[in-house]
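Look at the two complexes coming up: chain A is in both, with chain B in one and chain C in the other.
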Partner chain A sequence: MDLTLFLQQFLNGLSIGSVYAIFALGYTLVFSILGIINFAHGAVFTLGAYFTYALMGGAFGFNGLLANARIPVQLPFAVALILGSTLAGLVGVMVERVAFLPLRRRNSDPLLTVVSSLGAAVAIANIIQYLVGAEIYTFPANTYGNLPAAINFGTADQQIPIRTVQIVIFVVAVAIVSLLTYLINFTKFGKAMQAVAEDATTSSLLGIDTDRYIVLTFFVSSFLAGLAGSLVGSSVSIAGPYFGIAFGLKGLAVIVLGGLGSIPGAVLGGFMIGLVEAFVPGDFSAYKDAVAFAILFVMLLVRPQGLFGRRLIEKV
Partner chain B sequence: MGTFFTTYGFLIVSMLLGAMLGLSLYLPLMTGQLSLASPGFYALGGYIAAILSTTVFQQTGGLFPLPLLLVEMIIAGAVSGLLGILVGVPALRLRGIYLAIATIAFVEILRVLSLNLDITGGAVGIFGIPQPFGTPIDYLWIVLPLLLVSMAILYRLERIRVGRAFAAIRADELAADAIGINPTFYKVLAFTLGAILAGVVGAVSAHFLNTWNARQGTFDAGIIYLTSVLIGGSRTFVGSVLGGMVFTALPEVLRGMATIQGLPVWLAQFLRDGRLIIFGLLIVVGTIFFPQGLVTPELLKRWRKGDRTSV
Partner chain C sequence: MFYIYVFDRPPMKKPAPRPTALFLTCASLLIGCSQTNTPQTSTNTASPGTSPTPTATPQAAGAGNSTAIPVGVGVAQTSNVALLGQEQVAGAKIAEKYFNDKGGVDGTPIRLVFQDTGGDEQGAINAFNTLINQDKVVGIVGPTLSQQAFGADPIADRAKVPVLAPSNTAKGIPQIGDYVARVSAPVAVVAPNAVKAALKQNPNIKKVAVFFAQNDAFSKSETETFQKTVKEMGLELATVQKFLTTDTDFQSQATNAINVKPDLIIISGLAADGGNLIKQLRELGYKGVIIGGNGLNTSNVFTVCKALCDGVLIAQAYSPEYQNEINKAFRDAYRAQFKKEPPQFSAQAFTGVQVFVESLKAINAQSKVSEKPLPELRTKLNEQLLTGKYDTPLGEISFTPEGEINQKDFYVAQIKMDADGVNGKFEFLK
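== the complex of A and B ==
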């Protein structure tokens, strides 16, 4: 592989990896605080993409209850992105209230919470389908305003063009990761969250409103899912109501690779899977989707706690 | 009665197949292992039957001979069982959510392979799988005995040494190990039995559905069967059988309800197009209000004692 192609694939991998990282961060936040995988995360990802699309004034097709409807205002992409992700965050809070809280109150088996979050995922995906149909929606071409379509990193005879959207995604990811790291390590919110993640009962005895931090975590987590969904949607297109399910499974690979509940793990895992996928040779590109799962499978067998995870403690 | 069976034949047979898939998920759960691998073995069994019947056992005209179907079922069960041991031995060192994730990865790898290999027909899949029966309801001849045999085996299994060992491991693996039960052996055994059952059911389903592709046996299917087992009741096989039937029938029942005369238009439309929303919400509500599932061992005991206790 010559250097030009290598660089190009490397930058592609970074861009895909940043979306995986943003998405996986949300996944891992909920895991770190509740010890449960929220399977509705992928559905919220899809929903975020639809919200952002609608806020930009995108029209819905002929199927579904909202056929041909559109929001009267057309917001610029950056504003729609933040509003859309916030709406996704609120849906995440709703999911917590409906599918997680009642089970927590009853001290149910964590397995049941996994199932109820799966139920929420099925419901959300089908509500989307009911409202806007199963078509593919493409973000408006002027999504990124007057930015050039592609930026060339090479020289005139050795061109390495990178799409602007890929750079936007990468920049957003770096900003989000820095912001979240600051939030968790240096703010009161972050300290309290860490305490709840460590031991919910003790922290509530110490006067931390556990419930409030769980809700906040769900909001942040789902905000990140919505953001990731909108970014993927703007870079490719929204591929229907089940768009996020496959992404959600890949997100699982990312967080297990990095170590469940680990924030640096989710970021590193995201970039690793993104880069590995980018370097799958063209002849085998059909198998690209299996690569992440193969890595996941091997990782589980060799080091189940992941790269940054804590060793699982055996309770006797 | 005759028209009833011809109208609902497809649904009835699907329900019994769903019950068996529920059982295939229940088996590893007997040792406390949350495995979502069943759809993978189901897909594998289906591909084995589809490939064998359209290439190796090719027939010209007439119905597909039953003995050949049985041969396919045995091969599908054997191959699934072997793969079950191969995957199970390393994977069952994992517990809880980690095992669930490993089995999801296994199913996804199988799905991508079946989408891209020539022998599985790629994305299109395999068409025109020959039929051993003339009508869907005739499949009861093979599906009903299969279900009864599986239920009889499970009934026995819950009462003999092996089943007791399963229950002990489920209750406390370390304690079971300490009193001389080999957890690895029994966990792989339960996992493999589930794999065999799923493979055999897949072989029958491929003929029943006439076509087989990568959409069969995906992660979604795993969710539906996990739901049916946990909401039906995961402490006794009866719960899995009932859950499997109910959750296979539910979408169709809702679709049927949409055609009831006199319903408001919006409600009929919702029952028809939004039935999977109801399905999803039922899963959430079910796990909250029936954490033990609908059928529990206590409930069965009460039924068995019957009038004596109710007086």
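== the complex of A and C ==
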């Protein structure tokens, strides 16, 4: 592989890896608090993309209940992105209230909560299809204003093109990771969240409203899912109600690779999976998922706690 | 360091499961979840190939309108293939109304029974079982994908229920069994026309890059035809890039292909993935000719690549502009309902229903359909449909004894998008 191709695929890997990282951050936040994977995360990712699309004035096709419906405003992408992600965050809160809270109150087995979140995921995907059909929706051509479609690096002879939207996604990912780092380490919210994650019962005894922080964590997690969904949607298109399923699986791989519950692990895992996928040779590109999951499998055998994970400590 | 870690504490009083076990459980559940994205609309406990009650008649069969003849439509109404399936549902429903308005089968209406196959083989098998054993249909139009046909058609064949494939264009479909025929012309016939049209537009084409969806039997079959055609025409097959129909990001494959500087790119995939691939190829600066396979032969692709779809060549087995009475009626009905030109998949589903209706009429002319036991009617229907000639929206068609379609007219269309990049149309090349 020559240097040009190497750089090309490196940039490709960074751009897709940054999406995985944002998506996996949401997964890992909920896992940190509840010790449970929220399988509705992929569905909220999809929903976030639809919200942002609708807020930009996007019309829906002819197959769903909302056929030809259109919100009578056309917000700029940045505004629609924040509002759409916020709505996704609110849906995440609803999922917590409906699928997680009742089981948590009964001290149910964590597996039941996993199944409950799966149910929420399937229900959300089917509601989307019922409302807007299975059609593909593409963001408007002027989503990114007058930015060029792609930027070329390299020389005139050996150009390295990268789509501008991928650079935008990468920048947003870096900004989100920085913001989340600040939020968790330097704010009251973050410290309380860490306390709840460490020991919910003791936190509660110390006066922290654990229920409130669980809800807030779900909001932040789902906000991130909605943000990732909107960014991917603007990069490729909203490929139907089941759009988030593949990302859901990939997000799982990312957080296990990085270390369940670890935020730097989610970021590093995201970039690693993205880079590995990018460097799968072209003739085998359909197997890039298999390669990514093979690495995950090896990781589970060699270091089950993931790159940044801690070993399980049995308390007595 | 920002860090939240919880393995060593019990979440909400309950011990946390071991991470590996939890992950494996979750992963398997999620995989199960993705498969249940293709929900079945009814349950069926009958084993595959179970014959229906010998004495059942079509009128007595199934629920609902007891006087109507039930015809099954088993296509993908959910999953990532739902885009194509919904077009087929639209075409079939137009056919149902059209033929019933004309008196159905000599005064007896037909009643379409829809079962969702989802996008996978298991979904198609379940849908076919339900249509055969529970809905007791006389024949089935479906499934959507060739991949599904290889799974579900043998079940119909063993139960001696005629199947008309509305969009299965891979090699070997009619060879599945005596009861399997198709109204969708095979790729081997349609695909080379697009390469010829591309060379007509740009005789300097030398280097070709091929993309195909590896997880789709039709796309694999189609790409073999395209690759064979490329070689036979003396062109250089510079690179073959594979992807999955579930992929959305094609940056790696697209840059791999662009690096070999192809003059022509041929894509075999479905509308969502194929459209995204076109979009990303164009955004990355590829300016050469692009040919899309039959999976991209739908106006749904316009909404994916929008203005960047412009100029893509697509071989077609149907033209909305074909001049005959039934195509005019079909086109008018479709345009009145959906405000756009009918796609090939709708036309082929319409044709599937038409072939069943006209065959039932031919049988009825000899002896009353209503008096025939269902198994006998199914067998007779299969024999009859293979012998008839049909003037359809696809033009005049008939079948070989094996069930392969004989179709006269094929087309190559070029996508022309409006200036705003929102609406577009297939402009048929001479």
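Convention: the second predicted complex is superposed on the first by the 313 of 316 C-alpha atoms of A that agree within 3 Å, B and C clash if a C-alpha of one lies under 4 Å from a C-alpha of the other, contacts with A are read in each partner's own complex, and residues count from 1 in each chain.
Assume contacts are C-beta pairs under 8 Å (C-beta built on N, C-alpha and C of every residue); 3 or more make two chains touch, one makes a residue touch a chain.
As the structure is a computational prediction, the values presented were derived from the model and not from experiment.
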Consider chain A as the common anchor and indicate whether chain B and chain C clash or fit when overlaid. clash
Touched partner set for A:252, first chain B, second chain C, both or neither: both
Quick check for you: in the superposed arrangement, does A:161 touch first (chain B), second (chain C), both or neither? second
First (chain B), second (chain C), both or neither: which does A:18 touch? neither
Looking at the overlay, does A:114 come into contact with chain B only (first), chain C only (second), both, or neither? both
For A:286, using the defined touch cut-off, is the partner it touches chain B, chain C, both, or neither? Pick first, second, both or neither. both
Touching A:300, do we find chain B (first), chain C (second), both, or neither? both
A:123 contacts which: chain B (first), chain C (second), both, neither? first
Would you sort A:37 into first (chain B), second (chain C), both or neither based on which partner it touches? both
Residues of chain A touched by chain B versus by chain C: which partner has the larger set? C
Under the stated touch criterion, which partner chain does A:203 make contact with: chain B (first), chain C (second), both, or neither? neither
Report, in rising order, the residues of chain A that make contact with chain B in one complex and with chain C in the other. 36-37, 108-111, 114-115, 118, 121-122, 125-126, 129, 245, 249, 252, 256, 260, 286-287, 289, 300, 304, 312
Contacting residues of chain A [partner chain C, same complex]: 5, 8-9, 12-13, 15-16, 28-29, 31-37, 39, 61-63, 104, 107-111, 114-115, 118, 121-122, 125-126, 129, 133-138, 141, 149-150, 152, 159, 161-163, 166, 180-181, 184-185, 190, 193-194, 197-201, 232, 235-237, 239-240, 242-243, 245-246, 248-249, 252, 256, 259-264, 277-278, 280, 282-289, 300, 304-305, 309-313, 315
As the complex stands, chain A meets chain B at residues 36-37, 98-99, 102-103, 106, 108-116, 118-127, 129-130, 245, 249, 252-253, 256, 260, 286-287, 289-290, 293-294, 296-297, 300-301, 304, 312, 314, 316
So, in the complex, the side of chain B touching chain A is made of residues 34, 90-91, 93-98, 100-102, 104-106, 108-109, 112-113, 115-116, 174, 219-220, 223, 226-227, 230, 270, 273-274, 276-277, 279-284, 286-288, 291
Interface with chain A, chain C side, in the complex: residues 1-14, 16-20, 22-23, 25-27, 29-31, 33-34, 36-37, 39, 78-80, 82-83, 86, 213-215, 239-244, 246, 248-249, 251-253, 255-259, 271-273, 275-276, 279-280, 282-285, 300, 303-307, 338-339, 421
